[in-house]
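Same chain, two partners: chain A is paired with chain B first, then with chain C.
On to the complex of A and B.
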């Protein structure tokens, strides 16, 4: 992998803008896409990437973000289906090497594993940490089961 | 036939009315509770209230035994996911998605989902009805990449009385059939075109206008 990656982030909400700021700061080329221009206010003054206003489910918008050149795509909008559609287009039509979609519904995650789309489910991740905390609490009390 | 339709609005209503009249078993999935109540009152269809891209809702609507799933919501991403879930999770033999953005027809097909665009269909209908009175039929085939057009040559046609080989056709166009006195002929260069002939043309959307101009003399 190159040192500086071309990264497209779809959705500039809390997660999208956080990722954009961090990745831009460490020297990657970042493009952020969001349908709502106001969300770009969350980008830090140091953000040196590009902003594209538009609906990422329209291929014209993805072309404008030069998705063909991208090494990585993150789909982080608050809509599972938008993320799944954009991720599939990026992976299968634009051949983007690394594609990751946020999917809130854990059941939808399994279906898209079948289709070769990598997903991250905040619900499952959080649940796992909570469960670990429960298990850890028990361990501290000395009654954890092996 | 068991048809499961996810969508809203008048298109959904009239489509369902049509299908139930034909005796199909129709199940509707709609997110809006009020609209669901109205639909259930007015149609002899089963109505399930919820998100059609949620597999629990699809299951409740009986996706497992459906012959066809039709996703016609105003959001292309929902239509895509509904059809993928129907096919992958429930093994529905035919899942068809509406592509609100005409460019998504091709994308959906590449992602393995059958799709159609009302923009394409209505657009070609309008062309067919409104563009030229000489056009008898216009049929887009090959997902709209090829047009099959039937026209009638009137007395003013610039090609009436000409041999086919003397007609200067734009590239990628073909005179497929000439119908004269109800007899279809597949013409060759030595065949003559006459006023009153019905001519079936194969064109591409790019050269459709120029080709028609050759035969009718009119600018489109």
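On to the complex of A and C.
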């Protein structure tokens, strides 16, 4: 089993920077791509990976990030279209084994699925947790109120 | 065990409307509150609950939603401050047993905690899933690349 992975993260917002910091901390090789250099300020002082400034839908930018070597690509920008496009490019042109994209609009999840791209929709995940809370609350506090 | 709960949902956006539709469908009594009446368009034709138009930080609006009878309150608006305030009012003034609030900025989670309000941060949850994907990917595809 390989312990250290080469991970490319597109988008250095709250999610991207958190993942970059955590994954770098536990010893993975991390490259973060963002069009806005200021977002790199959210990387922790201990971040030992690389930063690439640029539009990740551009092949040249992905090449600069050495995407061909990547085990994993995370598409975490705030734009579903960008995440979809980057994820597709990573799968089809760079043969990245594990591609995961954030998608805000769950209606797009089917499209991703059909393209073989794994997605995470934060709203759907939150909804599931809320639903579980109801199920749990019913069991735990079922007859607290008449 | 009580099977049907009285659930008040504040905010009828993507998350709120989804929860309202699902919870109504499985037989719970649901009231949705939103300041913008148009958001109720996202409720499904089968939604059998009530709609209250108004600012949920106003006691009168919460009274109209009969919050005192509620087993559960979900604060799902897009504004952390609104969710925090509504959740506090529900806990302290209406004694709602189970209060759950969405919070976008994880730095606020501690504040909520101290106030006894359970929170869900979609970004944090998504981050955990991404992290698990790395852990899973490492195990499953560990030596796929040199």
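Just so we're on the same page, the second predicted complex is superposed on the first by the 140 of 146 C-alpha atoms of A that agree within 3 Å, B and C clash if a C-alpha of one lies under 4 Å from a C-alpha of the other, contacts with A are read in each partner's own complex, and residues count from 1 in each chain.
The definition used in the following text is that a contact is a pair of C-beta atoms (placed from the backbone, for glycine too) under 8 Å apart; a residue touches a chain by one contact, two chains touch by 3 or more.
What you are looking at is a predicted structure, and each value in this text was computed from that prediction instead of being measured.
Chemist: Could you check whether chain B and chain C clash or fit when both are placed on chain A?
Modeler: fit
Chemist: Of the two partner chains, chain B (first) and chain C (second), which one does A:53 touch, if any: first, second, both, or neither?
Modeler: Neither chain B nor chain C is touched by A:53.
Chemist: Looking at A:5, would you say it contacts chain B, chain C, both, or neither? Reply first, second, both or neither.
Modeler: Second partner only, chain C.
Chemist: In the superposed arrangement, does A:120 touch chain B (first), chain C (second), both or neither?
Modeler: Second partner only, chain C.
Chemist: Spot which of chain B and chain C makes contact with more residues of chain A, would you?
Modeler: Touching more residues of chain A than the other partner does is C.
Chemist: Looking at A:108, would you say it contacts chain B, chain C, both, or neither? Reply first, second, both or neither.
Modeler: first
Chemist: I want to verify one number: the closest Cα approach of chain B to chain C after the superposition, in Å.
Modeler: Least C-alpha distance after superposition: 12 Å.
Chemist: Considering only the contact definition stated at the top, list the common interface residues of chain A for chain B and chain C.
Modeler: none
Chemist: Can you check the complex and tell me which residues of chain C touch chain A?
Modeler: 1-3, 5-7, 14-15, 18-19, 22-23, 28, 69, 71-72, 74, 76, 97-98, 100, 102, 106, 118, 120, 122-123, 125-127, 129-131, 133-134, 137-139, 141-145
Chemist: Spell out the residues on chain B that touch chain A in their complex, using ranges where they run on.
Modeler: 53-56, 75-78, 80-81, 84-85, 88-89, 101, 103-104, 107, 110-111
Chemist: Please give the residue numbers of chain A that touch chain B in the complex, ascending.
Modeler: Result: residues 57-60, 79-82, 84-86, 88-89, 92-93, 105, 107-108, 111, 114-115 of chain A touch chain B.
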